[in-house]
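Here the structure comes first, spelled out in structure tokens, and everything after it is commentary.
Chain IDs A, B, C and D follow the sequence of writing; residue 1 opens each chain.
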Amino acid sequence: MSVAIAVVGLGRMGKRHVHTLLYRVPHAKVVAVCSSTPEEVQWAKSNEEYKGFGISVYSDYDEMLSHPGLDAVWVSSSTDVHASQTLAALKKNVHVLCEKPLSTNLEEAQSVVDAAKKHPDLKVMAGFSRRFDASYRDAANKVKQNAIGSPFVVRSNTCDLLDNTGFFVKYAARNGGIFVDCAIHDIDLSLWYLDNPTPKSCWATGTLQHHPELKDFNDVDNAVGVVEFYGGKIAYFYCSRTQAHGHDVCTEITGTHGKIMVNVIPRSNNVVLADNLGLRNEVQPEYWQRFEDAFATEANEFIASILNNTPVPLPLEAGTKVMLIGRALQKALLSGEVTRFDEKGVPLTAI
Amino acid sequence: MSVAIAVVGLGRMGKRHVHTLLYRVPHAKVVAVCSSTPEEVQWAKSNEEYKGFGISVYSDYDEMLSHPGLDAVWVSSSTDVHASQTLAALKKNVHVLCEKPLSTNLEEAQSVVDAAKKHPDLKVMAGFSRRFDASYRDAANKVKQNAIGSPFVVRSNTCDLLDNTGFFVKYAARNGGIFVDCAIHDIDLSLWYLDNPTPKSCWATGTLQHHPELKDFNDVDNAVGVVEFYGGKIAYFYCSRTQAHGHDVCTEITGTHGKIMVNVIPRSNNVVLADNLGLRNEVQPEYWQRFEDAFATEANEFIASILNNTPVPLPLEAGTKVMLIGRALQKALLSGEVTRFDEKGVPLTAI
Amino acid sequence: MSVAIAVVGLGRMGKRHVHTLLYRVPHAKVVAVCSSTPEEVQWAKSNEEYKGFGISVYSDYDEMLSHPGLDAVWVSSSTDVHASQTLAALKKNVHVLCEKPLSTNLEEAQSVVDAAKKHPDLKVMAGFSRRFDASYRDAANKVKQNAIGSPFVVRSNTCDLLDNTGFFVKYAARNGGIFVDCAIHDIDLSLWYLDNPTPKSCWATGTLQHHPELKDFNDVDNAVGVVEFYGGKIAYFYCSRTQAHGHDVCTEITGTHGKIMVNVIPRSNNVVLADNLGLRNEVQPEYWQRFEDAFATEANEFIASILNNTPVPLPLEAGTKVMLIGRALQKALLSGEVTRFDEKGVPLTAI
Amino acid sequence: MSVAIAVVGLGRMGKRHVHTLLYRVPHAKVVAVCSSTPEEVQWAKSNEEYKGFGISVYSDYDEMLSHPGLDAVWVSSSTDVHASQTLAALKKNVHVLCEKPLSTNLEEAQSVVDAAKKHPDLKVMAGFSRRFDASYRDAANKVKQNAIGSPFVVRSNTCDLLDNTGFFVKYAARNGGIFVDCAIHDIDLSLWYLDNPTPKSCWATGTLQHHPELKDFNDVDNAVGVVEFYGGKIAYFYCSRTQAHGHDVCTEITGTHGKIMVNVIPRSNNVVLADNLGLRNEVQPEYWQRFEDAFATEANEFIASILNNTPVPLPLEAGTKVMLIGRALQKALLSGEVTRFDEKGVPLTAI
């Protein structure tokens, strides 16, 4: 009883997803991988481990979708083809787990949501991995159990280790900007913990400290944004591409009777070294080390929803609102103006 | 070799300042105290400890300024008389340590700065106590020693324990609003660590969670504000009157090559209790427990500047810019609009 | 390419090992389980998950060893049959991963080591799970990289959450005593980090605080023991069955130029709750939550050593010395006398 | 209303005590200091600060005791003259605060206790500074309030920063050995928290890692000791002269329903630095930074007991038992044998 799954996109993340499926998801069977990048196809074809597991390698996504017996696909390609690849899979009656975001274009994202609705038999899920992290879930449970009263402020950071290899900058042009690419998880968490509030207004500012090339993409490498929601709730975010100490992702949820802090002191493990510099702990270098277990949980729960024909743990449309707020913050960042929404959460100006 | 000093204002804070001067400042001699509140005068007159130290008690501030041999006064009255009491002391050739802020009115604050300039022989200092805290000073030294490269983002919180006694609300009407009263130290810290940058724009939002009475004063009990400075620097603040766990004041300074965190995990002491709830530490209930040592350092350094005729450790005019930013944030909070400044830091609209 | 493995013993731990093999060890295929306890056999036979994976259920260990195609067995039964079940498997040419300890009887343990030597083609490993934990391995790497100079003191604790259900006491009679059952991992860690030193003398003392029934087994529920090694090295241990806050396992390695601390502040995840009690984190209730990943790593590495025909990651004989020290501490605990060893590590009195 | 006090001994500690008395103890007036070391006398005579406070400098202790109006003396000389100087002060009707220990010789220590009993009008106190530390007091209060049930195990460390200047070794010959000099505070804390239990047996072992010269004094630079008390209570200690990271003093009190941890993660202040090494905090270099406030509290409470004629906060005889256990551990360390006590706490062999 297992799900035949393929992974499309064999960049850093796609390879990791294959690994997760092979080693952490017993009810998934990886039958195929696909990439439009010749080097990645080459790499996959000569990969002994993939051979051992009998994985077929495709360079054409449509061909891959016709792989015999294929049940599901994990879309891990670049953001600009997330939507089209998801739509193509739906047409072939293939379940989809699509990396966030569905699209940086709001209409396109909505078209995927609409298409999914027309396939109620298919499981379609956007990969908001933090929703599957044990600590974030513990925080959600504590909120639900009223440990902090009524939550009204969320602070959330996504701060990446400075990448001086050029890798990050190479992909930055297509990622939609810092609030769309980097804050998207923080926005999602704030909607989760604040019980899906409606945005009222937002403002943002940013700065360029290490990657002057980003100026050409109208982007920054460090930014602060604030979202005011209707009903007296607030979320604020700090995103950075330039941290010295590691991947530092933290969230605080303040309620009327307490506060929950998630990963405010990041630690790569349980080790502290005491030497002539004092006491220190290392920090995870990347989101992968921080969220590897969450990706495994996500994959297992997605596979289980297919096998048991239960709803996906995270509704697809949730991502649309997250993207809307991300783009509103990005617009505020670029314009210097407050972006405002009506009481239904519709932006008052084009974003 | 000691300085004869008086304390005006015998509220919670004034009493603490007297205590600090008596027990922690060997070169100060408290000769007088003064209050306009009859109960406080009564309390002081019957205080055996004060009698033991030979402290005179006044109900009239001008009379107190004529106390024989008086060298200095610590102004710890309510904010609305800070400026007038400071000016009166200067006229009497008395040194002044004035609690922050000099005034919530910018012109009045400036008038005190101007008056002080006309008395170069007198020491006049505004009490930004965090500047004297060992941890904040260590952070400043680390910044100076280039431990984090060039600092460009400051996050700073001032979060008070929820006060359900009515004490806080009673004084809230006169404190100038949450960004003036509560964030003033955070603003000051951001100017310190970011090397005195010029504000470019700011925005803020807030909410009322516990103290609906504040609505009448156009105030909130929780607020988030962001200040963008010229030169690509950013400060952002969270202020709260409603914390469940204690007085939680923290600051993070992010630079191009590192980050300094001050008091991000607040602890009242070195004790951790492990029981069936897990591991826990208590938090200081009030700023006093957190900054008692800083007040002693502040007082000692002020007294030393008088005795040695050296500059006060903190120039008086520093407070004016802090107040300007505080009021700009407060205006943004109330108007929902971005407040902007020209390149000299002059607000583009009246604040 | 996978290893057909069976698990013997379906107590709490055996069930967890089955789960680990099914969900975390892709190259293992669980073909059989076995228990001598009728209830456990019954439970396994009616287990849908086991059926789904095609697992055969045995009540007779020898029959199970004859399961067609069986490659390996994970011995997770009670300690008193560890040795005999391991020996039986060896006779059938089946690889063995045996839970620690091989035996509480030193001669019997040695007989297993001897038997294993006669089967150099078979992989036989004792399950010292902490050796596979990411933090303990990081500590070992740091020691190897000379981060703390030459290590000379190890402090290590194994402190269990108080179990008032009677479960613990039920099994206590057969576990060999607190230093054999509970400190065995700590002793193993001290040998690891101190570079396999030779014991010189040891002493111990203990107390009974919650489980008076242990008196009948000549045991205690809290104990402290110290081991002096030749060459000026020291290890000391605290074991407890009665902690209120959770499973608290920590280790400190002190060297000539630094110290490494592992899990000195235990945390179940990255969450901190701030409320009117202060700031608190929860603690893992059991070794399982703390070491679940380590068990998966252990199983994967054992399976890999079979598939690749490489040495097992942990030599079997390592366990013998650990047991010797554990029994010497237990003897010191009961006798009140120092137990001494000659320069080859042979105890000077029977233990 | 103040106490005229003199400080004898102007080594590092004596100078600090003078400073504490001048700046933190308003009801004390330092009238004299004394040293038998010509360089220290010279230094004191030319000290402008001392002159400013009108402090007389003596090279002869007996002369100093005759200083007009002298009320009290703080004995901060080397341990070998603690007892004689205390006795001399008592004869002159002068109150005494004597640094721990009264003497490394048990009879001599007892003679001081006896002499003090003959002067019930005089306050005589041994300086166990940790008893005045806010965190240790908080721990004691929590124990009293039953936060951890009935305490039965204390772990306590005194670990000094490695001193390669030769300063430590110079004084080591006269300090009575590592358990007498270094563990004395830990022993005292264990008696405090375990409600003054009677020792039953103890054992210890040690090693020489950095200071081979200590071998000539029959001492070690790192040692572990365990004390078993009657009634099922246990204390164990680790003392070190060779830490790389700072002065690391921690204590854990385990009870039937919880545990209290004091300073298990030592921190010099509230600052954490995040850079490419991870997150780190500095550690106090010396006991002074850790316990400066405790010394001020100790001095203030001693002075208060004189002014109010109340009992000293810490009875003198408490120190005798501490010393007895310290010497028993030192004997165990040197002999390798268990030192045992009868049910009244009298050692069964000469120590």
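Keep this in mind: a residue touches a chain if its C-beta (ideal position, glycine included) is under 8 Å from a C-beta of that chain, and two chains touch if they have at least 3 such contacts.
A quick map from chain label to UniProt name: A, B, C, D = NAD-binding Rossmann fold oxidoreductase family protein.
Note that the structure is predicted; figures quoted are calculated from it, not measured.
When the interfaces B-D and B-C are ranked by how many C-beta pairs touch across them, B-D comes first.
Most remote chain with respect to chain B, judged by CA-atom centres, is C. Here the spacing of chain B and chain D, counted between their Cα centres, is 38 Å.
Each chain gets one centre point, the mean of its Cα atoms, and the points for chain B and chain C are 57 Å apart.
Touching of two or more other chains is recorded for residues 148, 243-245, 257-259, 264-267, 272, 274-276, 279 of chain A.
Put simply, chain C touches chain A in their complex at residues 1, 22-24, 26, 52, 134-135, 138-139, 142, 147-148, 257-264, 267-276, 279.
In the complex of the two chains, the chain B residues touching chain C come out as 243-246, 248, 265-268, 272, 274-283.
Here chain C touches chain D in the complex through residues 148-150, 152-153, 155, 201, 203-210, 222, 224, 226, 228, 232-234, 236, 238, 240, 242-245, 254, 256-259, 264-265, 336-338, going by the rule given at the top.
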